[in-house]
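Here come two complexes built around chain A, the first alongside chain B, the second alongside chain C.
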Partner chain A sequence: MIARVLRDEIVRAEQQRRLYSALVVVLTLAVLIGGLRQASAMNSGSFFAGLSKFFDYPGEIVIEAWQAGPAFFGLLWRFLPALVETLNIALVATLLGGAAAVGLSFLSSRNLDVWPPLIPVVRRTMDVMRAFPELILALFLIFVLGTSPIPAMIAVAFHTAGALGKLFSEVNENIDRKPIDGLRACGASWMQRLRFAVWPQVAPNYVSYFMLRLEINVRASAILGFVGAGGIGSELRRTIGWGQGAGDETAALFVLLFLSIVVIDQMSSATRNRLVRGPALA
Partner chain B sequence: MGRWDLEIVELSKTFGAVTAVDRVSFAMSEPQMIGVIGRSGAGKSTLLRMINRLTPASGGRIVVEGRNVLELRGREMREWQRLCAMIFQQFNLVPRLDVVTNVMLGRLNGHGAFKSLFAMFDRGQIEDALAALDRLGIADRALQRAETLSGGQQQRVAIARALMQRPKMILADEPIASLDPLSAEVVMKALREIRDRDGIPVICNLHTLDTARAYCDRVIGMRDGRVVFDGPSSELTPTAARDIYGAEAALDESVTSTSIGKAEAPAWGSPVVAGA
Partner chain C sequence: MTIADTLRAEPGFQADAVAATVRRRSWAALAALAAVVLYLAYAWHAFGVSTLIATAQPDRAVLLGLDSVAHKVHVTKDLRAGDLQVSIEGERTAVYEQPPAWVATDGGRTTVDLGDGYTVTIEDRGAVFEVPGYGTIVARVEGGKIVTDLPGPAPDWLQLNPAKVDARPTIGRRLQVSRTRIEVHRYFFGWENFFFPFRSELTAYSAGELAGLAVSGDRLSAELPNWRYILDTFLTNPDWLHGEVLIALFETVMMAVLGTMIAAFVGLPLAFLAASNFTPSRVLQAATRRLFDFLRGIDMLIWSLIFIRAFGLGPLTGALAIAFTDTGSLGKLFSEALENIDDKQVDGVRATGASRLQRYRFGVIPQILPVLVSQILYYLESNTRSATVIGALGAGGIGLLLVETMRTAKDWENTTYIIILTILVVFAMDSLSRRLRRRLIDG
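Then we have the complex of A and B:
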């Protein structure tokens, strides 16, 4: 009797769950189709027409790169300095932003004996830092400081401090507090507790987030070249702006970007493995 | 080291409406090994944490060499914390650091900011740490990460860290509650040896009577935050034990026993258990 009642209840719950799933699917489709139609209408009808030509341009790039033959590798070599400049912007910005993020994250974690009223203040500050897109900040800074890699670097570092600070503080809040108590009972100062009880626990995760951010910042720095920050972005704007004829150069630039992202990803997992499984940290 | 007096006067701790430690007073004028016993929640841990200043006290005084340590602030408070080393039930080592570094962290008090930031320790500190580990018989583990050691080994590392602090007193908060009986014996013997050889007093929270009897000179029994027994462990009669643990514990000590090889201990499976 009870089994029967239970069975009816389970069947009813199951039917309800299916109904909700179906509703979610229908809703998602409606939003998708509605959004596409809207976009098409605002483009005065050329959206779907343009869609058929979607692969024309990338196709052109690939064909031109193929036609270039061995000269393509010469292009890679020619654009290497531009890549180095972009990587440089990204690396310095990530290091500066990451260092600031470490400080901000310690001051915004509830489990690290920080003066409590300070925590929401630091958190809101990081929200503000994250809210500014790098592009807008870079445009503003380039207007003030002139076209050079420095404004781009500041813009990326500023955004990075906010973004990494939030991730770092989430890492901090997941640590084991027992080592902190252990060192507090020895008479260690707050800084010493952070250094020896918190840092060894959080460092491996910091490294993964840092490397992920470095990867994101390489792309961000490339984009900032479009607004005059130099590096690979400036080259891309030139070659894409020229349209036909510079396809091989565009392809070379994309290959360089792709390779650098792959290298960073490999370095990231290697470093993290060493930190987690390797010899003891100090 | 040497002789020094500890006097605790009316020490209290309240958490909201709950009184965890209720006007506890006792004094120690020679380096004793004191066992603090009582049921879970009797206030033993809070008492020890207040002495070390890990938990702020709500009232009372702790007087050492004429100073009330509850009034110490900042640098002076941390200096006091170095002097009364604390040992925890869960060891509280830094799991990812190697054993010898964990021991050297006992010297953090007074270690410069720059040296701390770059984890730089002197040759003398390394030698002291190795000597402390050697004394506890685990010097061969010095370069392993602390997290790879067994519980008993980790607790010995924690004791080595405490010795590294050059303490005047050792507070041990349930040091053997997470250990198997063999490791528990090693740890208790080590604490007793520190008391006997270095003359450092040890205050040790325990929840088993027989351990307190076997290793401690003096027993303080706590119940509901109050001291209900204070005397030599030889005076700890079954009646006194009933006061400490409550009437319903018609105490069969084998139920709370952690020691091994005691011939007179009744065998497990005896129908006479707590609550009978």
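Then we have the complex of A and C:
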């Protein structure tokens, strides 16, 4: 008797769950199809007309790059400083943002003996920093400081501090408290406890998130360059603005950006695998 | 006996080796720190921070700050035509027919009261500016030249040159005299004509009266019901373009939602090919992985530039750029999640005689669903920000609108308005995604 009631109950719950899943799937599909139709209608060029032209532009720059012949490698060399500038923006922003994030994360972790009322304040601050669009900050700073890599760097660092701060504080909250208590028993100060009990536990995860962020920031710096922050983005904007004839230069910039992103991507995932899974630091 | 001695007495504990390791690691940490400091010093030099500080224009920030919360009213006398008009922001569409009370005209003489004892008197081809604490500035245009008379040495808020006199004793009061015109600016706090255009009869009503009008049957205009008329007037307000801004915001959100959804739908099946425990062949697995790397490596910037060429301006362009990049990112994440699943559940489903599709549906998907949903929502949130940037590259939406209003730099309150709306939308998406994640994953 009880078994039957229970089974009916389970069957009903299962049916309801399936209904919900089906609804979610249908709704998602409806949004997707309706949205695509709407987007296609709002676009200045239509989807099918664009589809036939999709390979025109990449084709055009590949042909121009091919025609440039060996001179193409000269172009790669010529644009190297722009690439270095973009990489500098990303690295400095990640370093400064990461340093700020470490501070913010220690102040927003519940298990590190911080003054409790401070925690929600710091957390909300980080939420705002994370959600604030980089573009707006960068454009504002470009207006005040003039065209230079600094506005992009500050904008990216600001966002990084919020994003990494949240991840770091999650790492902090998952540590083992025993070393902290041990050091406290010896009379260690708050700074000493952080340095010798917390830091060794969290550092590998920090480095892994740092590498992930570095990769994201290289992309962000390249994009912000396009709106006037220097580096490879501004070079791209210049060559694309010229239209036809500069296809080889555009291709060179694409190749540089692609290669650097792939290299950093591979480096970052290799480091992360080694730090988080590997035995090296176990 | 000290603690160190106790430890040394412990069998198998090599105190010297431990001390050496600690020392080596401390040195390594210090060396890393030194390298970072050196690098930052190099960056300081490479970015030219010193020259940047010297050439920065902090006054532009102050100006922007003022202009974004205030509007100015111009009192302009055209010296060629000889007529005087009062208008908001000097726009032709916003000229007062009856000048406000602080502008008094008496024959050929106009007195502009700027408050706190500051007054400008415009008469004939000259202006007299009373500045409390400084004295009276007289500027006249005589025979194509500007003649000035000052009570003392020129302060730094006063710029004098043969073609123009520009006096701005406080940030909210300004007098400019050039050979062709005399112009007085007075700033007022707030955004002007925010709801309805200057000429619209609707500006006269209060909020309560408007609500009454909206439901009333007496039509203000013959063609439309009142609520539509009020809404239309609001949306087509030429100073603020509320309608255009809302459409642009909608486009941006659409780019993010569509882009993320397409990426998830395409990325999931491909992830099965790229996961080592599901792939039908090693070659296919390697090919799919390289495809993911390629899609991610090209980056949103390049994809957007290519799609803008092919599809022109609009949400579809942005959505496709996001979809291409994130198919790579999400596909990689999904395939990693697939590689980490527990095979026991799949075997259990297999034991009931389930087909391959059923095994995936009931044995695999429930295991990766939390990762799937949380990653999709996380990307949705970050793509809302990306969509504003892609828009600025030329794909349209709020990003493009923002860059355009900033570039013209005419009215900063418009820019502020767009910035506030953009931030609100990004925050809304952020909290929506956070709430959904918490509900769906923590149950």
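Following the convention adopted for this analysis, the second predicted complex is superposed on the first by the 231 of 282 C-alpha atoms of A that agree within 3 Å, B and C clash if a C-alpha of one lies under 4 Å from a C-alpha of the other, contacts with A are read in each partner's own complex, and residues count from 1 in each chain.
The rule we apply is simple: a residue touches a chain if its C-beta (ideal position, glycine included) is under 8 Å from a C-beta of that chain, and two chains touch if they have at least 3 such contacts.
Bear in mind that the values here come from a model prediction, so they are computed numbers and not experimental data.
In this superposed model built on chain A, chain B and chain C take up the same space, so to speak, and clash. By the touch criterion defined above, A:Gln192 reaches chain B but does not reach chain C. Look at A:Val144: by the touch rule set out above, it reaches chain C but stays clear of chain B.
Of the two partner chains, chain C is the only one touched by A:Ala131; chain B is not.
Comparing chain B with chain C, more residues of chain A are touched by C.
When both complexes are overlaid on chain A, the residue A:Ala71 reaches neither chain B nor chain C.
When the two structures are aligned on the shared chain, A:Phe258 is found in touch with chain C, with no touch to chain B. In the superposition on chain A, no contact is made by A:Val121 with either chain B or chain C.
Judged by the touch definition given at the top, the superposed model places A:Arg184 against chain B, while chain C stays out of reach. Working note: chain B versus chain C after chain A overlay, options 39-47, 57-65, 129-137 or 219-227, clashing stretch identified as 129-137.
Shared interface residues of chain A, touching chain B in one complex and chain C in the other, do not exist. Per the touch definition, chain C reaches chain A in the complex via residues 36, 39-40, 43, 46-49, 52, 55-58, 60-61, 64, 251, 254-255, 257-258, 261-262, 265, 293, 296-302, 305-307, 309-317, 319, 385, 388-390, 392-393, 396, 399, 402-403, 406, 409, 419, 422-423, 426-427, 430. Chain B contributes residues 52, 54, 77-82, 85-86, 88, 90-98, 101, 105-106, 108-109, 111, 113, 116-117, 119, 143-145, 158, 161, 165 to its touches with chain A in the complex. Per the touch definition, chain A reaches chain C in the complex via residues 28, 31-32, 35-36, 38-40, 42-47, 50-51, 53-54, 56-58, 85, 88, 91-92, 95-96, 127, 130-136, 139-140, 143-146, 148-150, 153, 219, 222-224, 226-227, 233, 236, 240, 254, 257-258, 261-262, 265. Across the complex, chain B is touched by residues 176, 178-179, 181-189, 191-192, 195-197, 200-201, 279-282 of chain A.
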